[in-house]
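Each chain carries a letter (A, B, C, D and E) given by its place in the written order, and its residues are counted from 1.
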């Protein structure tokens, strides 16, 4: 997994039909940006843990989702 | 997912048979270029969201397609 | 596989339900950081071998786990 | 997909049994080199489109092939 | 695939049970290091071809192996 910090949210009105409803968050990973699906309700500035690839898509069990990056946890502040 | 800006279109007359009909767009991702299949009719300059790997190929359900990068949405201007 | 050195542990109280119980270790890979699931009880400073992607998730056979990085061995000192 | 320019061919007399017969071409991708299986008969200097990972391996339907990079098209000159 | 030069061997006495018996070689890929399973008996200094990800794991047909990098051939000197 990779860890990163949530920096914003992305909206897409024009999208393919299989895109699941829910937040798509922009996350900064050591200076690069990726966009991850967020099932946890994370906020801007939160440190999160992200899984990628087919492992991320496998989270969606009722329908096939085109998601290759998923927030799996929020990292505890220490 | 990764976000990028559409910079052009790629044409390939000589290709393997399983390549699906449709637009192959060149997208700039933080300075690198990738080529993604576009089922949405995006235009040059549009900001798009791209999913990669086997998750992209899974979009094609009628036949197996050799596509490892798929535009899943156009990002709303804010 | 990639090799790296364990640099710490990550805790996540707020996480998706399918995250398996067990240690999530932060590992330095040639200057970049990733987080890997550790089934071996590795310690900080230990050199480890990591497998990634769906190959890492396939380690979990009883339930589907959102793990895309797995420590598969500790590297012998030579 | 990624695009690149064919720079040469790689020969391997000592290989695993499941390696398919056919050309393995060296392709320059923005300064990095990868080696891709070529089912199209591309020549040195040709600009090609490459798909990667399990999507590339899925091209081989009669037997399982250890191919994670496949040339899927030659890019038209414009 | 990627090509690289074998630079050494990695030993791991403490490992998960599903790690297959056989050589794990350290390979230099354009200045980065990866560790790949070697079914061919390659030697230090040899130029090899490596496949990655689930395509590498699919080489193991009798049992599921946590291997995401596999040497599939030794490159002929020219």
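Assume a contact is a pair of C-beta atoms (placed from the backbone, for glycine too) under 8 Å apart; a residue touches a chain by one contact, two chains touch by 3 or more.
Nothing here was measured: the structure is a model prediction, and the numbers come from that model.
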Whole-Å separation of chain centres (CA-atom averages), chain B against chain E: 32
Euclidean distance of C-alpha centroids - chain A vs chain C, Å: 20
Multi-partner residues of chain D (each touching 2 or more other chains): 53-54, 56
Arrangement of touching chains [line / ring / star / complete / other]: ring
Chain order, ring traversed from chain A with chain C following: A, C, E, D, B
Chain A-touching residues of chain C, taken from the complex the two chains share: 10-16, 18-19, 24, 26, 32-36, 53-54, 56-57, 64, 66-69
For the chain E and chain D complex, residues of the former touching the latter: 1-3, 30, 39-40, 49, 51-56, 58-59, 70, 72-76, 78
